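Scroll down for the structure; my scribbles are underneath it.
Should a chain be cited, it is by its letter among A, B, C, D, E, F, G, H, I and J, assigned in written order, with residues numbered from 1 in that chain.
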Amino acid sequence: MLFHVMMNVHIPQGFDQEKLKQLQSEEHERARELQLQGKWLHLWRVAGKYANVSVFEVESPAEFHEVLSSLPLYPFMEVEVAALCRHPGALEPNK
Amino acid sequence: MLFHVMMNVHIPQGFDQEKLKQLQSEEHERARELQLQGKWLHLWRVAGKYANVSVFEVESPAEFHEVLSSLPLYPFMEVEVAALCRHPGALEPNK
Amino acid sequence: MLFHVMMNVHIPQGFDQEKLKQLQSEEHERARELQLQGKWLHLWRVAGKYANVSVFEVESPAEFHEVLSSLPLYPFMEVEVAALCRHPGALEPNK
Amino acid sequence: MLFHVMMNVHIPQGFDQEKLKQLQSEEHERARELQLQGKWLHLWRVAGKYANVSVFEVESPAEFHEVLSSLPLYPFMEVEVAALCRHPGALEPNK
Amino acid sequence: MLFHVMMNVHIPQGFDQEKLKQLQSEEHERARELQLQGKWLHLWRVAGKYANVSVFEVESPAEFHEVLSSLPLYPFMEVEVAALCRHPGALEPNK
Amino acid sequence: MLFHVMMNVHIPQGFDQEKLKQLQSEEHERARELQLQGKWLHLWRVAGKYANVSVFEVESPAEFHEVLSSLPLYPFMEVEVAALCRHPGALEPNK
Amino acid sequence: MLFHVMMNVHIPQGFDQEKLKQLQSEEHERARELQLQGKWLHLWRVAGKYANVSVFEVESPAEFHEVLSSLPLYPFMEVEVAALCRHPGALEPNK
Amino acid sequence: MLFHVMMNVHIPQGFDQEKLKQLQSEEHERARELQLQGKWLHLWRVAGKYANVSVFEVESPAEFHEVLSSLPLYPFMEVEVAALCRHPGALEPNK
Amino acid sequence: MLFHVMMNVHIPQGFDQEKLKQLQSEEHERARELQLQGKWLHLWRVAGKYANVSVFEVESPAEFHEVLSSLPLYPFMEVEVAALCRHPGALEPNK
Amino acid sequence: MLFHVMMNVHIPQGFDQEKLKQLQSEEHERARELQLQGKWLHLWRVAGKYANVSVFEVESPAEFHEVLSSLPLYPFMEVEVAALCRHPGALEPNK
């Protein structure tokens, strides 16, 4: 099943810059793993914002929760979540 | 360039059902054309809502406007638009 | 999988009262079927409002969409949807 | 009587991780007690969020307040509350 | 138990003035009954608005729903509802 | 004249617990005085929230401001204010 | 006592233009009376909007309600109301 | 030209009380100057809130910005701004 | 002086298409006049929406109101208005 | 292509004033560069607010993101972004 997520990242003023870089590096590593596993299907940056639009493909809502909350920057994110399904007007199956 | 659109469709109560079916059929035909032309890249239904999440690939904001406003159900839609760009953590180019 | 839905019903002023009663009766019949099939797990009225809180158990987001949009009053509803999963602090499995 | 609660938990950045784990452990212990007492009837996690949907069965609004505010994580929660009653379309009594 | 309600009344433009007067007269009659029965404890007008603040004393959320939805102007109202309980700083019991 | 106030109290995380208890005790003392003086007419807790609904009877908006801002917890409150007047459907005078 | 009101006027599409002109003319006449009586102290148009900012001086919230709801365009207005009092930094008394 | 401003003041918890008193005293001094210069035309307190409603008369938007941002408490304010003009129903010129 | 306006156009469902085309043609004619007079300085379409972003240069808030409300589609618009002034970081004067 | 941005700047209370001045000076320098390069087309201050309205001309959403996030005050900004295109009623091409 597919989940659509809009993630807005909020880093508090004065947050340690070294720690932030490390978190971002860990985030990219985790994102890489999840993409290679085929779980993080789409990942786009929203132009002009510290935000992304993503689509995940998972076995269950529980796996989706596990995957999303495993992101190193998750505690800094405000997320909007929507479950997706195939649109009757789409030519190809979900993806 | 890519545009992300969240479309919510609002059909007024009492709208002629025959006309609605015709509009929906025209909408699917137009969606089919735009998908075959490679302009409507992704089209998902939001589970439980008369709404979809879409990604368009166009040459310019003007072409995006032309494409979106050409949809037969466009006058019934409330849309949220965001320009996308490649995310530094994405393994593959935009798509 | 479980979906949580908050449904607010808005009947336009001047809507035909006979037709409304018929729709409500069809709605109750459909609700009865879905409860007997084990798909509409919980259904509570929100005190003071023309609204309910519901939990559905379905095979997929697509089935959830089909079930919810099959409700005779669906075109009059404003819905908020959330996918649920087991809470680590819950003593019993989802239900 | 039944109360429906949507709880969103917000842990401030930089909050002591040891203390948080202890609070979460106390929260689970308290949740266990209240479930065993039949007061916390339903507890689901909202997929993708640090949030839950719950239904409480209590004797009065005062007992509901006492129960909810006894949760160790209550000071970190933003809550939305609604009193529930039996829906005319529900096949079984409230639960 | 006590319920606090903020009621905002919205009469559609062009609504028949005779019918409105009749509804308002029925509303006052119903309000009179409910006050005499001790169920509609407080009723104040919000200065400058077609709105009131009310407190109801009822046996259960179900009775509250029945009472509120029995108001002739209920279909024209947007309501905000909150269950009340005794405040630890209040000198007298609820009322 | 009467003022209706919805007070939501927000205590910042990490606020000194001793100081908070003292403030709460001072708040109750002040509330007691204002109730005895007949200025704080009604005080109810909103079930499930750190919030109350209150009605004040004062000589003027200036006195209302003085009374409300004299509360020890006032700096921690988010308030919504509405002036009240007698409702044409109320059986008894304002109170 | 003084009340501050922000009035936004919404005329439904298709409203009879003759009737609108008559209502506006009656509104100006009523506004003239209330200004001459010293009750409508200030009346400014919000540049670019069908809206005004006003200050009323009245004996009580009840008189304020009576004055405001006597405006011929009142049924078309969305209003925001605030009671005012003298500011400690103001050089002159309220006005 | 006239500008209408709604100013809400937010003092962070734990802000130094001595410094706050000094800022408030400087604010009153600056307000006095601007009133004497005829630039701060009206200044009212919103009853029950740490907020005021003000009207400024200035030569240009630039002067308005300069005047408003010169207030010692400006960094603590959340402001809503509207340019005003003469209302066709007002008996006297702007003021 | 400069005013920034975000205009969102809402045409009611079922509005006469002939009349709409005439209004749009009159709107373009009026827009042409105002641009030639140097009063409508900038006019951009928001990609994907029936909306525009505009900047007007006028003598006063009153002239701005007159100009904006002279637009044939003005009764169908929801507008957000902000007065502009020169930014200290701008290399060239306002325009 | 053109992007319209509304930037609201929020400096946390207690932020080091020396560091702020330095950031503002760096911001002006960067703004100067981007204006000279023809990328920051318009820059206006919103009267009364620590905010500006800007229009950028860039090659792509990616360049827009790079430009905007290169601003020294970007981490303090809340931004609203809209892609623009030529309006059919505009006499001159985009600019």
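Please note the rule applied: a contact is a pair of C-beta atoms (placed from the backbone, for glycine too) under 8 Å apart; a residue touches a chain by one contact, two chains touch by 3 or more.
These are the chains along with the protein names UniProt gives them: A, B, C, D, E, F, G, H, I, J = Muconolactone Delta-isomerase.
Every value quoted in this text rests on a predicted model; they were computed, and no experiment measured them.
Listed by label, the chains that touch chain G and also chain H are F, I. Looking at which positions face the partner, chain B and chain C present mostly different ones, since fewer than half of the interface numbers are shared. If each chain is reduced to the centroid of its CA atoms, chain I and chain J end up 22 Å from each other. Rounded to a whole number, the gap between the C-alpha centres of chain H and chain J is 27 angstrom. In this assembly, the C-alpha centroid of chain A lies 50 Å from the C-alpha centroid of chain G. Within chain E, residues 2-3, 45, 47-48, 61-62, 64-65, 81-86 each touch two or more of the remaining chains. Taken as a contact graph, the chains fit none of the simple arrangements: neither line, ring, star nor complete graph.
Of all possible chain pairings, those that touch are A-B, A-C, A-D, A-J, B-C, B-I, B-J, C-D, C-E, D-E, D-F, E-F, E-G, F-G, F-H, G-H, G-I, H-I, H-J, I-J. Residues 2, 4, 27-28, 31-32, 35-36, 42-48, 52-53, 55, 82-92, 94 of chain B touch chain A in their complex. Interface of chain C with chain B (complex): residues 3, 5, 12, 15, 61-62, 64-65, 68-69, 75-76, 79, 81. Looking at the complex, you find that chain B touches chain J at residues 1-3, 60-62, 64-65, 81-86. Those residues of chain I that touch chain B in the complex are listed here as 11, 13-14, 45, 47-50.
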